[in-house]
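Input: one structure, supplied below.
We just call them A, B and C in the order they show up, numbering each chain from 1.
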Amino acid sequence: MTELTFPAVLRRGLPRARYIALAVRLAAAAAIAIYALTTPGFLTLLSANALFTAISFVGCVAVGMTFITLTGNIMSLAIGATVSASALIFLACLSLGILPAILVALLFGVVITGAQGFLVGHLRANPILVSVAALSLLLGGAAFVTGGHHIYPSGAGLEIFKDRFAGIPIDAWCFFTTVAVGQFILSWTRIGRLMTMVGSNVRAATAAGVSTTATVTAAYVIAGACASISGILLAARYGSGDMEIGVGYDYTAIAAVLVGGTGIAGGSGSTLRTLVGVIVISVIEVVLLLRGFSEQLQYLITGLLVLCVIMLHTLGERR
Amino acid sequence: MPVLAIDGVTKRFGPNAVLKDVSLALDAHEVRAVCGENGAGKSTLVKVITGLYAPDEGAVCVDGTPVVITSPQHAQELGIALVAQELSLAPALSVLDNIWLGNRKVPLLHRRQELRARARAALDKLGLNDLALDTPASALSIGRRQLVEIARMLTRDARVFILDEPTATLSDVEIERIFAALRALKAEGKSVIYITHRLGEVFEICDSVSVLRNGDLVGTRRTNEIDRGTLMQMMLGRSLGEMYPAWESSPGDPMLMVKDLHVPPLVRGFDLTAERGTVTCLAGQVGSGAITVLRALAGLTPGASGEASISGKPMRLRTVARAQAADVKFISEDRAGEGIFLRLTVGQNLIATKLKDHTAFGLLARRGLRATAASLAAAVGVDRKRLHSPADELSGGNQQKLAFGRWIGGDRPGVLLMNEPTRGVDVGARAEIYRLIRQFCDRGYCVVMASSDIEEVLGMADVVVSMYRGRQVARYRRGETDMQRILADITHPAAA
Amino acid sequence: MRRMIGLLALLLLALPAGGRAEASPQGKRILVLATSNSNPYIGAWTSTFARLATAAGMQVTNLSANYDAAVQSQQLDDGLAQKYDMIVLCYVNDQAVVPALTRAKAAGIPIILFATPMEKEREDLWTSYIGTENADLGRLAGEELVKGLAAEGKTSAKVVAVTGSTQQINVKARMDAFKAVLAQHPGIALVDTEDGKWNTAVSEKVTGQLLVRFSGQGGIDGIFDMADNQATGSINAVESAGVPLGVANKGIVVVGSNCMKDGIVHIRSGEQYGTATQIPTEEATFAAKRVTAYFNGDKLKKYEIIPVYGITKDNVDQFAAGCSY
């Protein structure tokens, strides 16, 4: 009898295990939300602004990483270094003007990451190994070119990045735009669909005539562009750069991607989910800080909660 | 007293009984063949004997005592050894280490010399006198690995050896080695259960044969009391029924021409001509090369070479894109791994190859795609309400319909290649799939399918090409052949 | 080939010296192992040291572990196997290098630490630490913060610290010294310490939320950022929040350390009150000098300390060049 009380759509669309997983997920989300909202200071404009700025940089990277994960290639460990290198290139090219500098930095991220995608897609090389090689290349190359020094802006014009639009920092706007464009690519373009197919099952995609090389390369190109956007934003905001500003962004990004619910196995995911993942992790971090937990506890609790969320997702997928 | 006896074993999965009241008994010094079509219950029987499945009714008796076999390890302790085909050896370890690997009777402090001597003796018995004990397993051919595997079982005092299609992927020389080893085992007083599709082997190496069909034991005979014809009738013995659509078979224009196709290492110099509006069946067992040929034509084999043309226009092999540009469409034998996207929805699967038709400037016309998905679902007979369900919630038959659906449409009729189109498909859906295949023919497609199911081949083919180890054995038009002929062709043509 | 020439050179030089060849830096092979040459401070240190040591006749090999402790252990062991005359080390993890350092000690290969010393209990494992006294940096930061607050007329205040990676020993040493200074000023309370991971963006994020957290309790009066790039992050956060900043505005007093170009700029503009020298080029120059002296027969002290200086608006011009590496 109780079954009849469920809405018919839900009953048909969701087997029991998934229904339970969904319920647990909603309950968890509600718990986090309530805990956050009752934290003194959380619901202030001050906090919201600080949050939005903070999530923008790693958020852009996470959007890009979504594409790599979605095509079944887990993650790239070179993305953090790509963020740093893009920042350096942007600052070094600023003397050419702000737009050319942005374009050169974007091109760099696209080429260096797209090349990884080509190797992964064409040779079916292990994506982690390829990204480790790219990481060494980036670090070595940067050390060679800059001698490890800080890079400072070679031109002016960075002030526009400190502006706000409708009360929200430019960095946050860039992030939200990246999310929207990413989602548009996934839902409304052919290449987006092909990425889902390749990520879902490479062999089936090949048999269906999909060019895995082109598709995987495209995913990495997007990831590279996103990493460059993050690098440009960082460089513009802090007016200097070195190879360490992007350190760890790859790991934070993949955590956000997984917390958002994009499957590590590939074939399903969206940048909107990643947006949720980024916000969830940041909210957890912020709330723990606002409530005055010690650093050690902050790390511990954040790690545990991230783990729990990811486990909840796998629970929902298994049948 | 029989060494091993199976007494009235029934095994069900859900409502389906895959073994029904099967009884057989095996003596020492006996090599017993177990024959039957795909899905007859042979592998289930093996799994019951080796403790992977518990029978729902009946019992397994060892030396006359009923035993409950709980696991393959337990089966080994009882002296029942399954000789795995290739993967059970650790490639990096030596032959010697592989033979003793995991043997619980080797004490922690053991005399290496004694182990060497015993391994040597086991290998010698099987005719591997020339094989050094320190050779790494990775250096051995598949046939020799099986022999090492048998030697491993010998050192564990196994008494019943189960071999499941040991010769499917072997060369003649290697097959002869296996036979010699089996004769040696027999002389030792061991018993062998030999599962095979190749009837020639039954008469060459086995003392007796048990035939399964649809989970029933049809009977057990001594091989010197029956002939091939009798055995085949035992295996097939039922009418084709209403499964297959009726049609007038008439020759069409040659559409697909293949000359001198090479797909190393199996297929060397294969020729094929297939006609528009007809079904050509490549009939062959595993390892016959039928599947390999079609995979190569679909562009999925990078090492393939040879000439192929569609309606006179040459087609280049080795990439799927080129094959598809020449209107060659392919349905894989590996449905879950390659045929469809299990984790995508029904709708996404149906439009997997249709995206290009609904794209302008890289953007998708989602409304058009939805309409296409709905019409394709209707065309192949999948419920439209399931368009948003994941494909892996569908039955095997409905999944296969998705694979067909994605190739429906387009302006020009092309070549439709399919491997084992009804593998894992239940009877009801089979009939629907056969109807779909004929519909492709009616639209002017040239259909080529590889199948190891002879009944299906006879039911569907306008032209039958029988294959054995990468070569064509014979070519028949509809009505020119029968089951026995084809079975003889694809099992052991030399004897036929 | 290069090694052959080096050997030959060594031989030629050894001849007139008459058996006193050992007491000379000429031809000595030095292995410099860094955490990461991508880090501007470490990169500047190692490149300066390599340049000067080479000029003094030594052969320098410089390897980076990219923060991988396992890689660094391997590099250390390779260095031992190739019998370098000295290993100059900035360790990734103080526990992970212990086995290799023990072997180095047994092999009699001198180990010079830079950037970070090790804990006292392990002093027997290395020959000398050449660099700044981290406690001095913490002390200077504390003193500057107190001075800055005093300039605003505040004797009671709430301050926070945004630190480098908290598991590092030098970070702990600096915090201890910083707290010791505050302890002498009972009105000034350290209300929170957060891990800024030496990272600009992380520091901005942390500072932003700290501002929120204490906004209901009268706000924050001072921030100690352990490096100047982190101070940049904090300054950004304060400005984004629209909270007054700098002594001139009677706002938050930001104090940095590990002087960098950012810090110099911000001190001049009044957004940052002070910082302290930790100038890699000068430290490396000092280190190269001491190592040369060592090969000339000098003994090295366990701690070869280079003095540090506080930088505020008054003396910023004096350090501007050195800090802009």
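Here, contacts are C-beta pairs under 8 Å (C-beta built on N, C-alpha and C of every residue); 3 or more make two chains touch, one makes a residue touch a chain.
For clarity, every value in this text was computed on a predicted model and none was experimentally measured.
Colleague: Suppose every chain is reduced to the average of its Cα atoms; which one is closest to the average of all protein Cα atoms?
Modeller: So the chain nearest the centre of the shown protein is A.
Colleague: I need the chain pair with the most C-beta contacts, please.
Modeller: Highest contact count among chain pairs: A-C.
Colleague: Distance-wise, how many Å sit between the C-alpha centres of chain A and chain B, to the nearest whole number?
Modeller: Here the centre of chain B sits 44 Å away from the centre of chain A.
Colleague: Using CA atom averages as chain centres, what separation in Å is found between chain A and chain C?
Modeller: The mean C-alpha positions of chain A and chain C differ by 32 Å.
Colleague: In angstrom, rounded to a whole number, how far apart do the mean CA points of chain B and chain C lie?
Modeller: Chain centres of chain B and chain C, defined by C-alpha means, are spaced 67 Å apart.
Colleague: State the interface residues of chain B toward chain A in the complex, per the touch definition above.
Modeller: Going through chain B, the ones touching chain A are 298, 300, 320-321, 323-324, 330, 332, 334, 337-344, 348, 352-353, 355-356, 359, 362-364, 366, 388-389, 406.
Colleague: What residues of chain A sit close enough to touch chain C in their complex?
Modeller: So the residues of chain A in touch with chain C come to 40-42, 44, 46-47, 49-51, 53-54, 57-58, 84, 136, 139, 142-143, 146-150, 152, 169, 234, 237-240, 242-245, 247-248, 286, 289-290, 292, 295.
Colleague: Touching residues of chain C toward chain A in the complex: what are they?
Modeller: 36-40, 42-44, 46-47, 64, 66, 166, 192-195, 197-201, 204-206, 208-213, 215-216, 229, 232-233, 236-237, 240-241, 260-262, 325
Colleague: Of all residues in chain A, which touch chain B in the complex?
Modeller: 13, 188-191, 193-194, 196-197, 200-201, 203-209, 211, 267-268
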